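Just so it is clear, A, B, C, D and E label the chains in written order, and each chain counts residues from 1 on its own.
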Amino acid sequence: MRSRKRSRKAGLPPGTLIHIGERKAENTRITLFRYDADHVVEKQIQSLSQALPLPDEDTITWINVDGLHEVEILKEMGDLFGLHPLALEDILNTHQRPKFEDYGAYAFLILNPLSGGNQDREIDKEQLSIVLGRNFVLTFQEREGDVFDPIRERIRSNKGRVRKMGADYLAYTLMDLVVDNYFVLLETLGEKIEEIEDALVLKPTPEHAGAIHRLKRQMIFLRRSVWPLREALNGLHRSESSLVRQETGLFLRDLYDHTVHVIDTVESFRDVLSGMLDIYLTSASNRMNEIMKVLTIIATIFIPLTFLVGVYGMNFEHMPELRWKWGYPLVWLVMICIGVFMLFQFRKKRWL
Amino acid sequence: MRSRKRSRKAGLPPGTLIHIGERKAENTRITLFRYDADHVVEKQIQSLSQALPLPDEDTITWINVDGLHEVEILKEMGDLFGLHPLALEDILNTHQRPKFEDYGAYAFLILNPLSGGNQDREIDKEQLSIVLGRNFVLTFQEREGDVFDPIRERIRSNKGRVRKMGADYLAYTLMDLVVDNYFVLLETLGEKIEEIEDALVLKPTPEHAGAIHRLKRQMIFLRRSVWPLREALNGLHRSESSLVRQETGLFLRDLYDHTVHVIDTVESFRDVLSGMLDIYLTSASNRMNEIMKVLTIIATIFIPLTFLVGVYGMNFEHMPELRWKWGYPLVWLVMICIGVFMLFQFRKKRWL
Amino acid sequence: MRSRKRSRKAGLPPGTLIHIGERKAENTRITLFRYDADHVVEKQIQSLSQALPLPDEDTITWINVDGLHEVEILKEMGDLFGLHPLALEDILNTHQRPKFEDYGAYAFLILNPLSGGNQDREIDKEQLSIVLGRNFVLTFQEREGDVFDPIRERIRSNKGRVRKMGADYLAYTLMDLVVDNYFVLLETLGEKIEEIEDALVLKPTPEHAGAIHRLKRQMIFLRRSVWPLREALNGLHRSESSLVRQETGLFLRDLYDHTVHVIDTVESFRDVLSGMLDIYLTSASNRMNEIMKVLTIIATIFIPLTFLVGVYGMNFEHMPELRWKWGYPLVWLVMICIGVFMLFQFRKKRWL
Amino acid sequence: MRSRKRSRKAGLPPGTLIHIGERKAENTRITLFRYDADHVVEKQIQSLSQALPLPDEDTITWINVDGLHEVEILKEMGDLFGLHPLALEDILNTHQRPKFEDYGAYAFLILNPLSGGNQDREIDKEQLSIVLGRNFVLTFQEREGDVFDPIRERIRSNKGRVRKMGADYLAYTLMDLVVDNYFVLLETLGEKIEEIEDALVLKPTPEHAGAIHRLKRQMIFLRRSVWPLREALNGLHRSESSLVRQETGLFLRDLYDHTVHVIDTVESFRDVLSGMLDIYLTSASNRMNEIMKVLTIIATIFIPLTFLVGVYGMNFEHMPELRWKWGYPLVWLVMICIGVFMLFQFRKKRWL
Amino acid sequence: MRSRKRSRKAGLPPGTLIHIGERKAENTRITLFRYDADHVVEKQIQSLSQALPLPDEDTITWINVDGLHEVEILKEMGDLFGLHPLALEDILNTHQRPKFEDYGAYAFLILNPLSGGNQDREIDKEQLSIVLGRNFVLTFQEREGDVFDPIRERIRSNKGRVRKMGADYLAYTLMDLVVDNYFVLLETLGEKIEEIEDALVLKPTPEHAGAIHRLKRQMIFLRRSVWPLREALNGLHRSESSLVRQETGLFLRDLYDHTVHVIDTVESFRDVLSGMLDIYLTSASNRMNEIMKVLTIIATIFIPLTFLVGVYGMNFEHMPELRWKWGYPLVWLVMICIGVFMLFQFRKKRWL
């Protein structure tokens, strides 16, 4: 939510490389994939010199970096692949919004994979930076994770199209995975919404209001990640860049559609949550009305009667009624009449 | 509302064919229509090889598939008609928003027919996928239904224009039917709204608030289906695709106008419902005010009087007033004065 | 508000001619005007064959049809003037939004004249369809009325420009009249708003809230008619159609400006009405506060005192205070002190 | 706010000249300025024939008309300067929104100068129409006023650029003055807002709510004048019209920026006022809470105690407690315990 | 917030130079930097003639003026650098919105650096005007400050790119610094929001509502500075101006992205604050409900009982119950039954 610690950079020259954000990984780990339709090599590397893309156009190199706190490694990669200092700065500053930038020789993308959201865990935002070159893809993540394992598995076992297509398709599958995870998150949230909705009908409690507010908050959060992503994907899809082949274009359009679907769902959820809050407030106001009615009915009937019995509790010496034989039953009669009249009034006002 | 079970796909290669959504039909049923201006053939088919479009340009083939759980059939159709895996994936994933996609040789459309809405039944959303080729139309539905019967009847009996025009006109009539059903749904909802509105004037109850909220919810639901449909129709209408003949263009423009009309009505209903909720809340607040006024009037008159009679109910030995001859009537006089003064005050404050 | 009975059409072939809407006129009446700068002929006709436009370009023919339930007449006119079935369908379906459609040889316009709005009468919406050809204008109305009388009078007496200009100018004057009537309606509503506003300042009652809600409802209604009209006029003004001469263009621009003015006023009224509702609710909340304060002051002062006198109303045998000579005056003193202290507290809290 | 009396025009031919609006001036007064870099002539004229622009391109003629009720004069001017009837109609109909229209030989502008706003005076809207020709400027105002005196003075004394530049610059300075007066008005309103805001912090009263509502109303009013002005200025600035020289273009851009600034401020004020209303309502709700707490605390403590003393005020013959020696002190003890327990409960609920 | 004192200018010729705003600096101070890749000269100057840019293209001159009240100096600079009077007017009028204007030979930019925001200090807005020429940059500030010190240090010590690039890059670094400070401000505000949010969960007090309102106000303030800045940067970035070299373009795009990020964060904060206000109000309404429930329970139980004991406190001579032996215990029994019944009722209504 907050661009914490970004203030450390204020005043430094633009392009200064400082890691901004929590250090989420112990060590920086670099993994290299190199494949074409027929071969695949996978290894963890120490020295970046091993990572330089082969001159061969058809061999795709994918380098994934987990952990961003070792600025030196980033700098070295920047030199090897000719990355612009501003791109490197964006990779390190983990409070970026999703964006797409075309640097000519390569395209630069930032995404915000989200996780969590279940069992009242806050949604957790990470930053994934993707550099897409002619025959290489570089990815940078804040922490080690197995989020890309399905894709690694597909490359290893040559499942799906990924081995037969270019670097752009690899980048696409990575982004597709991120967007797919948005759907998973939305399902989790959607189930929570349904749960609260069902409970609201039975008996609304302040806890529900709190849960609705929390969900609304998470929608703001989600929205902030998804809206710019849509823009970024649109930018990538519409860019004239020769990096994106035509056959990948169709897939990107599909991915764009998925993002629109996510946005759509988020907006609907927001509307639904607002409606639920209204339901809660309406029912709270109904309860208040109910409570006030009970109080008013009881008070309105008994306060005058209490006054009346108070009158005949006075100790004046000269109170003729006190001596009447039928005084006491008469008072009861009067009081019952008053009570019945009041009840009748309430009925007329439809309070009963 | 929710993209339930979509999470099953996260991590699978794009284009993987898995049916997502409830299985709503027992069996997959494939029906084939083949007609030109003079002839019409209609049959239920088992083998798809019978379905291949004739080379003749003027004979239109319409294949309708009910039930999407048999992925194999879809795959076969995809091969026969040269459909892109992403289109097939969209057909199977029944949580799509309406959309239009131009694949060159064919156009791909998704619509969300809606039904229900009456007798407090939830609105029921289905997915209808249409593939429009030069001389064929493929339609995919989640369940068997007779929704297209009027069109089948028109083809059989050569009523209207449908037999004289191309595949694009057939696709148009199918979409027109879906949009016409939106109007039917809107009428049902409109009548409900009118009913509640009339009831609100007489006596608002919490049930009305609930019904209004439910209708608002359904409007969100409707909106989600209709807005993207408008976009899709606009896309189809404006596409340069040679699949849509010029004379059909006019009809598509008309259909687009109908969709705008639906959107318009939905937005008006939303405004009206918001207004009704405001009326409900205003009237609730008025009732509360009313209740409080009654309570306050009664309490304010009788509490001081009760205090007074309490005073003369004390048992002090030395209370001269108690011995006065006119003490008791005097107390009554004082109390009546207080009461009248209070009533006068309330009148001045316009509470009475 | 509602597209009632539109459901009757669902499933019928597009272009089927069925009159949808109330039958508002007894009989269909067709009146013909034929004029040029020097001559004018006006008659009521039975047979449409008399209506065919003269070959002469400068003679304008205006045919007005009141009453839409006789579908046959419409069909005949459609044939005579070469109207597209979709246009005819739109004329008959009286739940259309205002729109403009260019059919090449003629332009087709739908407007929603509004009337009523005064003396708590609901606003009444009609449908006026205009077909503008090179040298003819066709108008279709739901009921007989004298709304166009001023224009007829102008044609007869050759006042203004209308006889000197073409069919497009005639169509313009018809539309201008409709928009002028919007201003009349807005004035009526504006006066109502002013009235309620003045009354709100003096003493807000629930009736005002009701009236405000009713006006808000009417604004939604108005808006639905005027927004698409603006679009339609813009379409007509910007269309490349040769039907609209350049000198008429200036007038259309002016008419467009008027429509924008109407929209502007409607939006302002909506804002003003929202503000008035806020005023009402604020004042209701103020009243509630006021009521609660009175209740609380009275109760807070007298409830403790009543307790106190209750204490000395107890019948214990051993209550030394009851025997004190100054017991009774002392209790009064204590009670007065408590009362004064309470009042002082309320003053401090600024409740008095 | 209201287009009062516009209804008088409904049904009349477009371009009919009728003065719509209040008659604000006694007589129509026409003043003529004729100047170039070296000479200036200023006179009040009777006959418009004196007003015809000189053939000399460099001599600028400025004719100002105060008072619009003498339609004849307008008609004459229209003939002399070749104004379109629609332009004349707009000048006379003083309920126009600001607009710009390019008539080729001249440009036509309508502005809404605003005044008042201080000491609870309503904002007063006038209509200023400007016709800008190659070497003349015509201005039409509803009433006599000295609003343009600074410019007259500048022309007379040759201060600033005005004498050295063309008719377009003169028109610009007139408009600049109108926009400058918006800033004056905004300052007045801004000071009021600040005042109320400071007062709200100390003690919110219903009067503040009223004042806030009044200011909100004025913002709606202002907005209605300024938004279309922005559009109009943009139109003038971007128009290809040869009437606007390039060096004046920079000034118009600046004027446009000022208008945007005004709009910006109006929108901010609206936001601020909404916020202030929220503050008012929040604080009203806080007060209500406070009041209810006091009532509840007092009632909850004393109502049970009053019951208790009531018990021992009963006159049963067999009430053993009444005879106990320590009965009375014991009752006090019990009551004090109950009171303390209650206070303790309130403390626990954080009501104290 | 307010364009205070701007009214002083109303009626003066456009381009009149008057300082509008508070005088924030004692003296006007002019500092000159002149550098190329190899040399740097820095001095405070008195006479502006020393400031004229060198004919050499590669030597950059940066003149910074602190304090705007000495109009003469501005006028002189305007003459020396050929600035347009409108630009000079904007520099002096310190109530401008951020803007970009292309004057051909130079570009003119206005920014609003913001400071403060911590420890309940109001956010403080200044005006920074930047004139960017081919080989010079002029900056104008309202008061002396060390805000640009990091950049001065970088120039002196030749850190970063600034000495190697042109005047456009210098202007960029200045703007970058301003935007960086927005992030610092947002962090401060974000921390406050978090603080209040955490406190709201524990126990909401009216103070929180006040703080939320204050923060909302500051967001309006921030928004007003940042939205036009985005526009201005976009204008600069997209302008065809030859003043901005291509390599600086990338940096400007980055800066533009940062501004969008700021806007994004501001909008999110607004949403979050609205949500927090809702939470506050919901919880206030919950408390009210709670309070009312307590009051109603106590009153509803004891008021009838008090009435009952009142009955047997009456002094009628003929009240048989008073003489019954078990009268007193019976009354207790009845009262306990009533009390239990009431409690049972409350339980049923789920009030307990």
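FYI, a contact is a pair of C-beta atoms (placed from the backbone, for glycine too) under 8 Å apart; a residue touches a chain by one contact, two chains touch by 3 or more.
Keep in mind that this is a model prediction, so the values were computed, not measured.
With steps allowed only between chains in touch, the distance from chain A over to chain D comes to 2.
Listing every chain that touches chain C and chain D alike gives an empty result. Counted as hops between touching chains, the shortest connection from chain A to chain C is 2. Interface chain A/chain B: under half of the residue numbers present appear on both copies, so the contact uses mostly different residues.
In this assembly, the C-alpha centroid of chain A lies 25 Å from the C-alpha centroid of chain E. Centre-to-centre separation of chain C and chain E, using mean CA positions: 41 Å. Residue positions 285, 288, 292, 295, 299, 303, 306, 310, 313-315, 319 of chain C each touch two or more of the other chains.
Interface residues of chain B facing chain C in the complex, by the touch rule stated above, are 150, 154, 159-162, 172-173, 176-177, 180-181, 183-184, 186-187, 190-191, 194, 250-251, 253-254, 257, 260-261, 264-265, 268, 271-272, 275, 278-279, 282-283, 285-286, 288-289, 292-293, 295-296, 299-300, 303-304, 306-307, 310-311, 313-319, 349-351. Chain A makes touch with chain E in their complex at residues 1-7, 9-16, 84, 86, 90, 96-97, 99, 101, 103, 203, 206, 209-210, 213, 216-217, 220, 224, 228, 277, 280-281, 284-285, 287-288, 290-292, 294-295, 298-299, 302-303, 305-306, 309-310, 312-315, 319, 321-328, 331.
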